[in-house]
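Common to both upcoming complexes is subunit A, partnered first by subunit B, then by subunit C.
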Partner chain A sequence: MVDIVFSIGITALAGALATVAGAAEDVESDIGSQGDPNSQVQLAPQMGYIHRIYNKAIAGEPPAWGLWIALGAGIAWAFMVMQLNPILAIVLGAGLATFVQGVYSTTAYLGRTASLSKFGQPVYIDIIKSMTTVTMAHAFVAIFATVTICYLMNAALGHPFPLPLLGLVWGIALGAAGSATGNPYYGKERQYQTQNFGAGVPISASGNIVRYAEAGERNSLDNGFFTAKLGGPASGVCFGLIVFLELWRTVLFENVGAGWGAIIVGVIIILIFTVMDRFIEVWARKNYGPYTKPTEETSS
Partner chain B sequence: MSALGGPKPAGGSTGIAPVPALVSLVIFVIIFAVMYMFGGSLGMTALIGIVIGGLLIGFGVHFVPVGGAPAAMGQAPGIATGVAMLAAGGGLAGLFGGAWAASQGTVVAVVTGAIGGGLMLAITCFFVNFIYIYGMGIPAASGKVKKDPITGDSQAEYKSQGTEGHGLPFVSFVGGVIGGILGGAGGTLIYLMLLNVYQTSLPGVMKATAAQVAPIAVSLAGMFAIGMFLVIAVLAAYNITGTIEGPHDPKFKRFPRALVASAVASALCGVAAILLVMV
Partner chain C sequence: MSVKIEVIEGGIPHQKILIAGLVLAVIGLYLSYLNVLLGTQMFAFFGGLAAIAALVWGSHSIKILASYGIGTGVPSAGMIAFGSGVIAFLFATKFGVLAPIVAIILAAIIGAILGYLANEVLSMHIPVMIKSLTEMAVVGALTLMGFSAMISGSFTFSALTSTPTSVIGKLLAMFLGSPNAATTSFSLYIGGALIATVFLLGAIAIQHGFNACLGPGWKQDRMLMLTAECGFLSMIVAAVMSAALINPAAAILSFIIGLVGWYYTYMKYIELSKRDAASWLDAKPIPEVVEGH
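Right after this comes the complex of A and B.
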């Protein structure tokens, strides 16, 4: 009984940390245009729209976060082998991985922006100075929280994978969940704020991103401020639920029915999310209505 | 003519070209012959399991609805990230669960991995629609079919002007869950096969007890399973070329080609991973 209570406590803590990690990951990605919307930031100068948006994307979010979290977890693990306190080891691991993220961000911004010189896009040194450190701060929060989750899974819950391997697995999952949830909100809702609300961006408008703020030119800190209100928290809840429910069903039900208990609970959770998804899909169709009258023509 | 200027492959864009298929078959036979010579029955069983795991992953990737960059602007349906990366996110989350359940037997572990992958993608797909509907006020609509094959909902009139559709129609959601299930099962199966080989062979190779080599066996099997997952997911992503809406997308019919490539790639990676401790 004590073991189960302890494991549920660890599960809850891991879920809470994952929520923080997911939110920090998405805001970091939005400030740095790391996800798919980077294509528009890169395209804008080619269409004649010079801007001051930070663009540090070189890899997609999942592999980038897989690298940083695995790096943080690997360094933390090395320090722990040297008998360093686990909390201090995780802080040091996350700190060193954050510096790698900073180097990566700087070279990515310089490389990507310099490649646009023929279209007249300047490299802004003040952008590097002010944005890079902000993304590093968010990255530190996400890396520290995720490496701590991996440590809890390994040391407290007894998962067989070593810490760096868990870091790679959950780093990729973090990037996948954060980019899936947060990218549309940054890409459509923020970069194309001047387009109609409640509709996708027409392909003909590609590249015409919003470049001016309430005062002066818009920069990526404005984008972080905006996406931290919904895209970031939604990404956090998404990753938090993934970690929490995966651990919860295993911790509580893995010994029920020789392992089949956790499987049945997993199936039930999948069905619940399927019903919820169908509900909001139908809700949107009823409340937002069709854009045009139904036709008999095929759409493809 | 293809984009590279060469002739169009025989069998159309969804078919299997005979010459590459024959070359694949020859490589496949050679790999199994090598394994029969050096790996014995343990190696052969593991290699068969790895190939089945590879086929599950390669097939599963085609179910995952991925919209890439256009989806991030609400210009195309699907999840706004890369094919291989999203499949890896779901599949590796499944592998995490499957590895945890390894001591409960192969069947329970593989099914646990499958459900773990399905769970990750069910939550992710739900949040994609959540952010589209409640964050951006955009309903889900497919650009590839007139009606959702599962619900029968009409799609064309819910596409906003100038786009190919947006969000995840129900069939895409179901496709995502199926993709996660297949990926999680395949990744876990590869892990279990390798774990069995390493746990059996490493004590002799390293002249140590089974308990002493257990952490190395788990780490090696985990690393190779993740590596093979990424190899096969990227191969399948090349087959898809960019974006796919799910099982109703015409690109889904290309999956036989990916199965051939996945079988050969997983056999090649598998033989290297197994013979590492057997030769």
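Right after this comes the complex of A and C.
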């Protein structure tokens, strides 16, 4: 009984950490325009829209985050094997992984922007200076929280995988959660705020992303501020639920039917979510419907 | 589908980069084998240099392959390079001193099969597919072998699976999470999955060069310099991890070489970006663009 209570406590802690990690990951990638919204940032100068948005295309988010987390976990683990205190080891691992993330970000921005010289897109050094550090700060939070989750699974819940392998698996999951949940909010809402709601993005509007602010010019820090309100927390809830439900079903039902209990509960959870998603989709379609031309008001 | 959209103009021909990368990687791997011959670990850093040579070659292969209009899949090229390379690498480590040669041959066979499947079964029909996937599998295997030699001191199977019992205490039993862990033989590199970290370090490093530099203003020297920079950056963190497996002096030597190489290539890359950029501005507004696109 004590075992179950302890494990559920760890599960709750891991879920909370995952929520923080997911939120930080999404804001990081939105400030850097990583993931699918990147295509429009990359396209904009080619359509004549020179911008001051940070364009750090390192890879899709899942592989990139797979590396940051696996690297943080690998280094932390190497330090733990050298008899370093686990908390200190995780901090050092996350710190070094953040350094690698920062260097990759700068080279990605420089490379992409220099290759767009034909269209007159300048390299803004102040963007590198001010935005790389902000993405690194968010990345540190996400890496530290996720490596800690992996450590908790390994050391407290007795997961058989070693730390770097857990880091790889959960890093890819973290990147996928942020990419799937938070990015649409940045890519489809923020970048095309000037378009009519529900109008979609016609070809003629491709690359015409929001570049000017209420006063002055938009930069990626504004995008981080914008997405921190809904996109980031939504990604956090997504990744938090993934981690929490995954551990919860394992902790409670692993001993039912020689492990099959946990698998069956997992399938049931997926089915419940599928039904929920279907209801939300139908509800949204009914309420917002397809885009229709505004009916002309007859002036009387 | 298979319309070539970007042509490489000027620069070093691919054949030269291929031969240079292959030869340097094999030489580097055999120099790291001096560790075994001389009973030391100081030559571990040659493994990292071998990996960088292979990565530079691999990034140019990705450029060739991605010229055929599959530009959105650049990171996946890195994944398939290492996914196919890791099989050849692990099998080859069983062959002791012949490991690099066996890895090259086996990886080439695996890559060719994958290329054939992609081209004929999945009907992609990209002319360079088989050749490029063959090259990339070899690059993946050599890079993994290079970083493995750097982190664990040697690329042989026994070195990769041996337990440095002197540094590992009770902690391991906890990490493995099973009560029998203390009695089962345990390896830090493969069993401890440091290889998972190395896998992604290499897979991201190999694709980043082209993924970051693609576009109408692509330049060969800038891309290759960036890949070398990614390689040295990976070497720095690999050196930190190697401290758990090899003696501190060898790890520090790898670390310093990685740091110096990284600083040099990073500065060079910034210089090249400055050369190619339209303009280099600090806190300036968006310039007025002449209308008429």
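By definition in this document, the second predicted complex is superposed on the first by the 288 of 300 C-alpha atoms of A that agree within 3 Å, B and C clash if a C-alpha of one lies under 4 Å from a C-alpha of the other, contacts with A are read in each partner's own complex, and residues count from 1 in each chain.
What we mean here is this: contacts are C-beta pairs under 8 Å (C-beta built on N, C-alpha and C of every residue); 3 or more make two chains touch, one makes a residue touch a chain.
These figures come from a predicted structure and were not determined experimentally.
Enquirer: Just to be sure I read the superposition right, which of the two partners does A:L96 touch: subunit B = first, subunit C = second, or both, or neither?
Expert: After superposition on chain A, A:L96 lies in contact with subunit C alone.
Enquirer: As a test of reading the superposition: which chain, subunit B or subunit C, is in touch with more residues of subunit A?
Expert: Partner touching more subunit A residues in the overlay: B.
Enquirer: Taking the superposition as given, does A:W77 touch the first partner, subunit B, the second, subunit C, both, or neither?
Expert: The second partner, subunit C, only.
Enquirer: Counting only touches as set out at the top, which of subunit B and subunit C does A:P162 meet: first, second, both, neither?
Expert: So A:P162 meets both subunit B and subunit C here.
Enquirer: Answer with first, second, both or neither: which of subunit B and subunit C does A:R190 touch in the superposed model?
Expert: A:R190 sits against neither subunit B nor subunit C.
Enquirer: Considering only touches as defined above, state whether A:G60 meets subunit B (first), subunit C (second), both or neither.
Expert: Both partners, subunit B and subunit C.
Enquirer: Output check: A:M276 vs subunit B and subunit C. Expected answer is one of first, second, both, neither. What do you get?
Expert: first
Enquirer: Once chain A of both complexes is superposed, is A:I125 in touch with subunit B (first), subunit C (second), both, or neither?
Expert: A:I125 sits against subunit C, while subunit B stays out of touch.
Enquirer: Would you sort A:H138 into first (subunit B), second (subunit C), both or neither based on which partner it touches?
Expert: A:H138 contacts neither subunit B nor subunit C.
Enquirer: Report, in rising order, the residues of subunit A that make contact with subunit B in one complex and with subunit C in the other.
Expert: 60, 63, 159-162, 165, 168
Enquirer: In the complex of these two chains, what residues of subunit A are touching subunit B?
Expert: Residues of subunit A touching subunit B: 35-37, 39-40, 60-63, 159-162, 165-166, 168-170, 172-173, 175-177, 179-189, 191-192, 196-206, 230-231, 234-235, 237-238, 241-242, 245-246, 249-250, 254, 258-260, 262-263, 266-267, 269-270, 273-274, 276-278, 280-281, 283-285, 288, 290-295, 297-300.
Enquirer: For a test of understanding, state which residues of subunit B touch subunit A in their complex under the given definition.
Expert: Its residues touching subunit A are 68-75, 79-82, 85-86, 88-90, 92-93, 95-97, 99-102, 104-105, 108-109, 111-112, 115-116, 118-120, 122-140, 142-146, 151, 153-170, 173-174, 177, 215, 218-219, 222-223, 226, 250.
Enquirer: Once bound in the complex, which stretches of subunit C touch subunit A?
Expert: Listed in rising order, the residues are 74-75, 78-79, 167-169, 171-172, 174-178, 188, 191-194, 196-201, 203-204, 207-208, 211-219, 222-223, 226, 229-230, 233, 237, 240-244, 266, 269-270, 272-274, 276-287, 289, 291, 293.
Enquirer: Where on subunit A is subunit C touching in the complex?
Expert: Touch residues, subunit A against subunit C: 42, 46-48, 50-52, 57-60, 63-64, 66-67, 70-71, 73-75, 77-83, 96-97, 100, 103-104, 107-108, 110-126, 154-155, 157-165, 167-168, 211, 216-217.
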